[in-house]
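Order as written gives the chain letters A, B, C, D and E; numbering starts at 1 within each chain.
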Amino acid sequence: MLIETKGLTKAFGGLTAVDEVDVGIDKGKITAIIGPNGAGKSTLFNVISGFYPSTKGTVVFNGEDITKKKAFNVAKLGIARTFQTTNLFEQATVMDNVIVGHRLRTKSGVIDALFRTPRLKREERASREKAEEVLSFVGLTKEANRLVSDISQEAKKRAAFAVALATDPEVVFLDEPAAGINPDETDGLIALMRKMVDNDLTVCLIEHKMQMIMEIADHIVVLNQGKKIAEGTPEEIQNNEIVIQAYLGGGDEDADAH
Amino acid sequence: MLTLTDVSVRYGFYEALTDISMKVEPGELVVLLGANGAGKSTIFRTISGLNKPTKGGIEWNGASIGGMSASKLVNAGIGHCPEGRKLFPEMSVYENLKMGSYAVRRNKKEVADTLERVYTLFPILEEKMKASAGSLSGGQQQMLAIGRAMMSRPQLLLLDEPSIGLAPLIVKQVFDVIHEINRGGTTVLLAEQNANAALKIADRGYVIEDGKIVVEGGQDELFANDEVRKAYIGA
Amino acid sequence: MDVLAQQLFNGLTIGSVYSLVALGLTLVYGILHVPNFAHGALYMVGGYVTLMSMTLLGMPYFVAMFIAILVVGGIAVLMERLVFNQLRDSPPIHDKIAAIGLLLFLETLIRVIWGSDYRSMTTPFSDDIISFLGITVTTQRILIVVAAVLAMIALQLFLKKTMVGASIIAMSQNREGAFLQGINANRVAMLTFFISGSLAAIAAAINAPINLVFPDMGHLVILKAFVIVIIGGMGSVPGAIIGGYILGFSESLGATFISAEYSDIIAFVLLVIILTVKPQGLFAKGAH
Amino acid sequence: MSMFKRNATPLIFLFIALVVPFVTDNQYYLYILTLAFIWSIAVYGMNLISGYTGQLTLAHAGFFAIGAYSLGLLTVDANVPYWIAFVVACVITTVAGLLIGLIALRTKTHYFAIYTLCVGYIIYLIIYQWDELTGGVRGLIGIESPGAIGSITFDSAESNYYLVLVFLVLTIIFMKFITESLVGRTFMAIRNSEELAQTIGINTMKQKLLSFVISTFFAGMAGALYASFVQFIGPEISYTMTMFDMLTYLIVGGIGTMYGPLVGTFIIVTLTQSLQFMEEYRMLIFGPVLVLLVIFYPRGIVGGIQMWRAKRQHKKRQKITKQSSDTSTYGGGD
Amino acid sequence: NGGGESDVTEEAEGTPAPGAPDGGDGGEEVEVETEVAEGTEVVDIGFSGPLSGAGAYYGNNTLNGLTMAIDEINESGGFEVDGEMYSFNLVSLDDQYLPDETGANVRRLVQENDTPAIFVPHSGGTYATQVFNEEDEVLLGAYSSEPEITQQDNDLTWRIPPTYDNYVEPFSEYQMERFGTDLAMLAPNTEFGMDWVEALGPAWEEMGGEVVHDSSVDYEQDTDFYTLITNALSDDPDVLFVGGSSEPTAQVMQQARELGFEGGFLVMDQAKLDEIDNVLGGAPDIIEGSVGVAPLVHDIHEGNEQFVSNYQDMHDADPGSEAGYHYYSVYILAEAMQAAGDTENAHAIREHLDEGLQQVDEDKRIYDVTEVAEDGGMTTELRMAVVEDGEIELVDFDD
């Protein structure tokens, strides 16, 4: 088990957004977290990735307790994430966005910059190569030199993936990667996520697009009102009465149009 | 009721819309389909006055409104639930809804009724009445945005991807409500990625590609159109 | 003389002035999202317009104050139209710079017109002295406290009870979102600036008689108003009021019990301490 | 070769700067130029933290003063040899920068701006009020000019000019190397979005602190040079107005650009001198100019030139592509 | 090539003088305020002071004194040195009170106008100029009561005003006798104020008095003085030491009375009792029992009668001491040049200042200056003003 939370709890004032949640994320698998709006999915991500301090409980990554670690340290350990609303350096080019994504794997400091040490040159080259690699991985090579503010919604999602991948993570957390993406391009994203897993990455995502989840998830965790109400394979979840009632809603095709 | 004639819009050098002509008749529910970046939101923003057309004319109830300010258009009966929600993050849910009724604030009775309706539709909003909008979850915020747009009781309601980020159960509910609002006499213009669900309740639709209208027709025609099926509904 | 009681009253007086200035600043911050460095210049212009209306036009004190409210409010509106509105979409540093440019301009303008010398303002209330409970006050000082409190109550009612007030707040949080509710952004922005300017004018007009009118009169006041606005949470109206009085009292008591030399430092040290403990300010809204 | 080509314009200006003392013996010109160079070193410091890292600091007049006073006190009161005092002055400023930065950088955006404004004001008040140490409002007199390095002495205007020029060039090279390296990218990532920078594993606090401390180092160094150049310092160098002046230099030249600090300082300082006859009226013009500049040239003169160049190139490229597409239409026409 | 190589003087061709007479270097204009006399050689006199910003009021007052004297001299046909007629041309530059700006200005005046003498009316600028004025051979007319200025071993410094310490004793003596021995000091937090406190405190205690309160006030910036006055009065003083610019000083005095102070005011020399009285609109109760320097307009004698009335006519205001001293020093300078037989050599002029002083016509002797001492400081005989029964009266120190 790559990541494991035990009794993880996050309260905002009186509201317990995440309530004693135990989840496990398997290495090399795609884990999906689903649940009604306000179930606490994004909050769970925020706590695991160190953006919010947890109220209670622990997060263990690769056997190490990372509960108290700050966001940047969590990233260094190999946990990357994207946000529910895309978050990129809008006024920079895609390339620059991605290059700096690799910064945490480099060590050059001011001294290196001043003396233009071999290390700096090596690392600058490595960052650029890494950027080119992940951009081609997500299929954005053509857009590399455009400003982020100029590219399409879907390209931005890919760029966000690329930035996350440039950090050389072991696991990526994706918060609603397909929101606002049309069916055609959703397929592209699915393929991309598969490709990530094929490249030894572990993926954990939140999504409301059921068709997509059922297609790619190896394991699904269902949250409701902060609590884990079910987990299992897509088939198990699809047929779980509690989940249907709380979330899926009678299997009506409208709800799950694609 | 709403007519766009040869409307073009540019962002700097980039032309996002080219010669768009479309029509929405009273009481209709018209859906806009199109890939990401096709220009759907830009159409909405132009109708509601957030963007100015660089060319062409927009007519609303017989009067020309191209280039009119957004605040005036709300008073003229156009409500817009925008992409990106654009809530007031530090105001409470209730205050957000109340701001939604800014244009019709004098009509206290009607405001209270509409508020009641929004609460029935999204009970979570009533529950979270006092919470700040910024603290809501993504989906809850989307519900608030829809609710706020309803508050001005517009004649024409522009809904830009209202189902984004909503749980399947709620998506179904939202489409039901849109349908119902429409049957209640409100004209609706709807942009959706969830083309299947949208088309089901629509009277007519337009398909946009690269800022141009490429297909238009009634519900049946669009359902029957192979291209449309393939691109937006899934084979 | 009861020193403690006297100092408490002194703190109340000065705190009232601080609060009024800070209020204008915090309101504009709401719309602009920028510290308006030119606000101190508005305060200064308010003092001059009041004084000049009295001496050159022979207006009675309150009429002069009213003229100052209109003039300074008008200047503030012009600032919004000609400068800040144009800078809406530029990076946040730029409107600060523009504000500094406006500050330099207004201050120099006043110097060129009326010179750099100190001027004193006499009002019908300047000389009446009232003593009670071991403290001494003048009618003017009572006027300061009363006028400030009235202005604050009026403002608070306006913001809380009218939709216009709410629309100011809405504008500050999401401009486009506000347009889409039918809020006329230009009108709201202008109104906000007008109110902010008027508050500065009132503050100057009531305080000048116990002080003086001169081109630099806004410098220290505005710096302290910034401190208050930060302590109280930027954009927060109650925060500005409470912060103003906190500062007023800390200064009068600090000068008495700690050190007179460093009494002007108190404001800044207070700020440093508070932000060191709470980087978001005392009354910060919960982050999301 | 390519390095020369890329930096042709700066190198031409450097050459001009080097020959100025040979062309004129007007001490006044040299004095003004030297002052402008000193100020621009301080403004370079500000540019790093405010322009590249996105944290608008308003305390740098204070750090400038700390550098100046440290040098003054060390040479006047403690009789420390000049260059040792110079180094110590830079160190003191940097340490002060570190301590203040540790606290100040916990705040963000406007809070940071105003926090630093207040820190600057506190520094001013301390210098003003602590007269036992600083001479208070009387200031410090009789500060030494830079001590000789080997056989080179610095008591003439020319030698001071060259000394400051050397420091300026070193500063620019330093800034260029920093901003064009991974360190610079890190700073700019923080400027663009602190939250995102954290997500990609950047310790934003540490990096901001680094940028802040470096920037105070340059402010302090400029202050030390100033003290030994003017040989008298008073508390006004730490006053808010000095800060606003520095900010003006930065904005006019172009915030977040490589040569903005130098261009802005040079232009404003010389302009102020040649508009002397206008006295009071200068500010009547400067104020509005500043406003117009931020409205129409938000990235200052240097940014304006860059944009103009980019536009020209864009047009050129468009022309070329248009031509080529024209020919292709003709060629491919059926 | 920059200026600075042409002659110090040149033939004036009439009035007004062209700007920057030898400025062949880009034609920068420098404001010229005075008119030179026809057919005379012109000597450029420099000035660098605050002409914009907060100090502009003060700077312009000093400039007024200079301008008036120069105009008078030039109108009367100039002055004769070594058989040749000369007139003065004033070149004034703004330094906004900033020492580095003063440094720049003085260098500029030396380079472009080759001025033999420069007036700088503030000590920061004076210090910054003392760094190089000997090397550049320019006489520095410093208007600052700071004693250190003449202790720099600078051979070309000429301190114009008296040092403040002359006032301390007679003021203290008078107040201690009239009101009592407890003194509270509310000095301004300026250089001036600090100097006073350092002299007044010890002197007061030496005379057997007690300093019961000592704090400083920012007369320029404080929003309200009540707090500090309340504290000063809580120590029950008989005498209150106050003083900054006249207007805020008047405020402080008024507020002290409001808060129940009944003793006397010892007013620092920066504030003028006549101005204070004006500010208060004639409030004898408030200023009763004050002692301060004799305002020029209350100290009319043969030497300054004409000057005061001319000044009032021209500027619609009473002249202060800064205008009076600057006016006087132009005459001293002209006489010193005559005595030295040289208009260019700053050292020669400096050495003949005392001689020049003695040569000034009776009706131009604004103050009772007895000498220009070895160290370059001028010594002035002083009178003080006291308010008795609501009237400002002059008292000689010896009385």
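The definition used in the following text is that a residue touches a chain if its C-beta (ideal position, glycine included) is under 8 Å from a C-beta of that chain, and two chains touch if they have at least 3 such contacts.
Being a predicted model, the structure only gives us computed values, none of them experimental.
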| item | value |
| --- | --- |
| Common touching chains of chain E and chain A | D |
| Touch-network distance, chain B to chain C, counted in steps | 1 |
| Farthest-lying chain, centroid of Cα atoms versus that of chain A | E |
| Approximate Å spacing (C-alpha centroids) for the pair chain A, chain D | 41 |
| Inter-chain centre distance, chain C versus chain D - centres from mean C-alpha coordinates, in Å | 33 |
| Rounded Å distance, chain B centre to chain D centre (Cα mean) | 50 |
| Whole-Å gap between the CA centroids of chain B and chain E | 75 |
| Sequence positions of chain D contacting 2 or more other chains | 129, 280, 283 |
| Multi-partner residues of chain B (each touching 2 or more other chains) | 135 |
| Where chain C touches two or more other chains at once, by residue number | 108, 111, 219, 261, 264, 286 |
| Pairs of chains found to touch, sorted by chain label | A-B, A-D, B-C, C-D, C-E, D-E |
| Touch list for chain C against partner chain E, complex | 1, 3, 6-7, 10-11, 13-14, 17-18, 108, 111, 115-120, 122, 129, 136, 138, 141, 207, 210-212, 214-216, 219-221, 251-252, 255-256, 260-261, 263-264 |
| Residues of chain C defined as touching chain B within the complex | 163, 166-167, 169-170, 173-174, 176-185, 285-286, 288 |
| Chain D residues touching chain E - in the complex, by the definition given at the top | 23-29, 31-32, 35, 128-129, 131, 136-139, 141-142, 226, 230-234, 236, 273-274, 276-277, 279-280, 282-283 |
| Chain C residues touching chain D - in the complex, by the definition given at the top | 29, 33-35, 83, 86-87, 90-98, 100-109, 111-112, 219, 223, 226-227, 229-230, 234, 261-262, 264-265, 267-269, 271-272, 275-276, 279-281 |
| Residues of chain B that touch chain C when the two form their complex | 48-50, 69-72, 74-75, 79-80, 82, 85-91, 95, 98-100, 102-103, 105, 132, 134-135, 148-149, 152 |
